[in-house]
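The data blocks that follow each hold one structure.
Heads up, the next two complexes both have chain A, just with different partners, chain B and then chain C.
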Partner chain A sequence: MITTAVSRLPIVALVGNPNCGKTALFNLLTGSKQKVANYAGVTVERKEGTFFAPNGDRMRMFDLPGAYGLEAETPDERVTIDVITGNYALEDRPDLIVCVVDTTNLRQHLRLAVGLKRFGVPMVLALNMSDLAEQYGLVIDTKLLSQELGIPVVKTIAIQKSGIAELVQVLQDSVHTTAQTRVERGTVTPQQLQQDHEQVNQLLIRIGADRLNPLKASDRIDSVVLHPVAGPILLLLCLFLIFQAVFSWAKPVSDLINFSMTSLGAWVEQLLPESALRSLLVNGVIAGAGSVLVFLPQIIILFFFILILEESGYLPRAAFLLDRIMGGVGLSGKAFIPLLSSFACAIPGIMATRTIQDSRDRLTTIMIAPLMTCSARLPVYGVIIAAFIPHRTFWFGINLQGLVLFGLYCGGIISALIVAYVLKLSKSKHGIQTLMMELPAYHTPALRNIVIGLWQRVHIFLTRVGTIILALMVLLWFLSSYPTAPVNATHPAIEYSFAGHIGKALATLFAPIGFNWQICIALIPGLAAREVAVGALGTVYALSETGTEAATALQPLLAQSWSLPTAISFLIWYVFAPQCLSTLATVKRETNSWRYPLLMAGYMFALAYVGAFVAYRITGYFVGA
Partner chain B sequence: MSRLLDTLLVTLLVVISTLSVAYSLSPLAAKKWVLSRVSHYFGIKVMTWMLPKNCGCDDCPSANKTPQLKRSIHQ
Partner chain C sequence: MNNEPIPCSPTISLLSDLPPGITARVTAISSSAKNKATPQLLRRLSELGFLRGEAVRVLRRIAGGEPIAVRIGGSTFALRRHEAECISVEIPQP
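Moving on, here comes the complex of A and B:
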């Protein structure tokens, strides 16, 4: 057992409605880099950081999931209520609550503040987004509001770092205020909620904030974006352009990285005498990890657009537009954000399902989340598309490679909707799920958040390449190089190795879907992380080659060695295959059962095999293979 | 001599890679056990960065490495 001594530091908790800017404030106060976005439900767990007051005092700061009220209707809201009532395992009750409110929506947000006051914990009110409120003609008299509520009130603009110095001073002054009576969880009655509502209405009248000028700019944009015909077309066009850019813009930088890796391989080959170490470096490390590294520009471009959409406030509108389709297949409207998160990685997507109230809806969303195309699939798609789909443009400069990539992403989404529909048929009928989601005001994306978000993606990708992918490539090189070939061997040495034997044994199973023994070898390390399959193919094909050109780029090698039906079959396999052990482990943790991860693995493998088989046969029929 | 050095280096890299892959793919409980044994036998102070994240994924939103998470993992 490892033990650590943690001294008792004052605890400050950031509480508020979803999407009021708690995490942006938390990042500013603690120097953290937690994810922020312009929609509700980004934070689903308690986050923690350390905060230093101007006098040098250290405090622990919690960033809690957003809550609309104190009734805890979803798992993420339960975390918030448990923390502030002192019922969260292993944590003391906070010494100070910072209630963050969106100043443009005081009627709703102040209800939570008034309710929180009953908990008896010293509190500070942060009027966030006060600049937006002033644009709408709402100027709050903080002194008057402070007198009315009986707590300190500070105006802040988290994304512009405005008001932070004053907030920090107030936190320092307020943190040692003695807590009053303690209210246990579950003591909020409907009568109290009604009283809170009336109190807020009276309060708004007294401070002159009961009327807002209409949000003209956002409304004008929404009249187009949420239009029943123009809205979906705009959404489709937006996604289409993103995937076009992923291929068109990334190509020069990808080519440069590719050239650098090839040159590095050639240089190492010249530098070292022929030996096991040279083979390990050239065929294992450079050909393996290098072939994954090539896809960094594509990942950066994809996330650049996703971050802009997140920051601007467009994504909740997309959820609104897709609600009818999602409702038709039995998905809750709240499933949109978890499914969208799954485009980065299924794991945060699965965890984000905690915002879904209905347990059956939550389970359905968990089961289909891995069908969304995560960023780890991008290198797999990228290498096959670049090798087999011509870099050609047609109508209005549409890039064919980008079109195929767009099609693969759509394939994942459509199959997820079909699976959700099948799961809906297996469920007993229950009430219609209505989408209740705030549409935040449009914001100009904050450059700082975009840069931080991109840096985090780059860091995650490079860390994976430098750790698990590199280690797997070294291991795969060993399995592909030993035992060495006999003296009179007629085939490449890899065919006599451990990996060669394993690949050939598996090839019998995968022959009907067109996979050769090299692909079968790559599927195994791909279980750790999908993009490892690309590195594995790089190593396997480098070792399968003879002569000095062994470390050349993977794409031409694949183009020479695979037929088109095999390439299409491989792509379809990766649209469905659940080759990520971390995802299955997360499903087990979130559902507290092995049943669902096993069911997920089973249905996804079956879909992958059947899909790849059909694709292989149909493509084979058309190309005459 | 250079052949021996070559073999030793390659063996070392393969062994380290095998151990790190095994550690990466092992469940949280196994990682905690390994860390506790390393801490016990080698007298190494377990630092925050050595601790496994909740689910083993870099994208995990709970990858918030703090003394309190450390405490909650190990109690």
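Moving on, here comes the complex of A and C:
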């Protein structure tokens, strides 16, 4: 290997088995805030950060997807192997690999370290979670291990700021920029794996570290959580409670935000003279973007629970319990985590499918991911449910609104399973889907991670409200206000505007499912961001109000002007409708073809239309409309 | 493939048939007419730690026989039945 110095920043790559804490270390070393959670496959792409050594040296640091082996079996492992062998884009090979291992499972994780050494890249071993190992009496002699492996070995605790001091020192001392040539990826035969395995076992005996984590606490929890009867009941209870909480806990805060928005609107209305600016502020910004903001508390509560489930290690157990259903409709067990991520947003969910080995299984998962109810749909459901479903409480404090919300989420899930099943039938007789999913030891959720995770969600939400949603609302306000009404107009001004004309043109198409022209207007900006539909309804209805009444909250306005069948039809439409251009763009990127996004848009539109039509007719029959 | 499990031996069986709670040792990872495993699947199982000589125990079997939760070395994995059928194990005689 040529070792002349070259003038670029040194490159350090974090490599290791899935779920050994690479991203937590990366966040500490670079000050980044990448997502961490307690399951395999959180990181599916290369993340880059900058590390500053105490002496001021700068290095580029890569966080790579976890890999069980060096054969690049999945798209995410491929990224890892390509980066460390210098075959990723035009990047040089890393100057140093930090091989991160979970100290509580050295038998498994050191085997990867032994395999990585064969690439010949300078390497440091980070014994992560060394504190947890010491809790059951496993103390590693790092000097001895370092002699055995012939590379520096440091202990790290990625959940403590002080836990990386040694690693920082080693990075400062041992990273040198050298001209790198790429190496072959090579193949690892099962015989080689067996040899590495035996080498690791003998090594562990020599350094006196041949003891397994008893995993007593995890096993005790699992004896309940994975129990054939208690397990599923617990899972259902858990999900059910989350949806109850989303509605009942959020209400006081949502009401407060709602009240503030209405008061703000009234105040601006009094403050400014009648003008286009006043209308823009009151009807566009406050009634529009404000009506989306009301849903911040619900989003925080939903993500609080999701983060706790992710951090604790419960999610893969839920996947275990539901695997029969998943397998029954032809889904890979690995599909669970991507589908669950899609409840936040389909985009990271679709990207998380990179952990799925078989490309056809991966495609099926991508195609149904948008049927999982993303958080952008929550405001839409929220406003309609609050306006049309009575706030009634049954036994045990179960409330009807939470129940309906739960039902809408279930509707999405059940239809996803049906679609997966149909896709399975259309596939030619094609192998069997795999599971092979790690069930990590339970961890107590770290408050720091929960707070960071929540803050990120709040940040994403507020940024969306402040940028894309606000911009669309201003645009919509303009389209709904101009051209202005003729002098002796008999209808509200909006009916003479551009938006009014567009809405009325579309209304013919949507009349069979009970949508009026106001809804049709709201559907269009909803394509860019689903929540905007709520804001758009806010603006459209605020502008439709005749007379000089102040802009009131959206909810009572809807309750007055929509029939129940229309409301239900609108809800069902949102369970299915492919109304998110960024999701379709992600599908295009991940599948590298226009075929699948178009297919997705087509089938979801058809489902939405048919579903809404049926819901409209059935509800209409029952209320006698 | 070689290393076919010997059906008549009382101590050697497939992981898919191992009763929960009993610690056994992995003797081979192999494909058969029954499990129709691809070489990729077999290598994957090895990468996950299903290697000759490793201690293995079934923690939990969901009603109906799959998936199963398996302790292999210091890790826990969930496997579907066809995956567990690739793993031959032997129960050490007391």
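Assume the second predicted complex is superposed on the first by the 600 of 625 C-alpha atoms of A that agree within 3 Å, B and C clash if a C-alpha of one lies under 4 Å from a C-alpha of the other, contacts with A are read in each partner's own complex, and residues count from 1 in each chain.
In this text, a residue touches a chain if its C-beta (ideal position, glycine included) is under 8 Å from a C-beta of that chain, and two chains touch if they have at least 3 such contacts.
Nothing here was measured: the structure is a model prediction, and the numbers come from that model.
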item: First, second, both or neither for A:I460, with chain B first and chain C second; value: first
item: Contacts of A:Y314 with chain B and chain C, given as first, second, both or neither; value: neither
item: Which of chain B and chain C A:A471 touches, first, second, both or neither; value: first
item: Contacts of A:F576 with chain B and chain C, given as first, second, both or neither; value: neither
item: Partner chain(s) touched by A:Q34 [first = chain B, second = chain C, both, neither]; value: first
item: Contact footprint of chain A on chain B as seen in their complex; value: 2-3, 6-7, 9-10, 13-14, 16-18, 20-21, 24-25, 27, 32, 35-36, 39, 46, 54-62, 64, 66-72, 74-75
item: Complex contacts: residues of chain C adjacent to chain A; value: 29, 36, 38, 40-49, 51-54, 59-60, 62-64, 66-67, 69, 71, 73-80, 82-83
item: Of chain A, residues touching chain C in the complex; value: 68-69, 71, 73, 104-108, 111, 188, 190, 193-194, 197-198, 201, 212-213, 215, 218-219, 222-223, 226-228, 316, 319-321, 323-324, 327, 333, 357, 431-441
item: Residues of chain A touching chain B in the complex; value: 1-4, 6, 32, 34-35, 43-45, 47-50, 60, 89-91, 273, 275-277, 280, 344-345, 347-348, 351-352, 460, 463-464, 467-468, 470-472, 474-475, 478, 528, 581-583, 585-586, 589
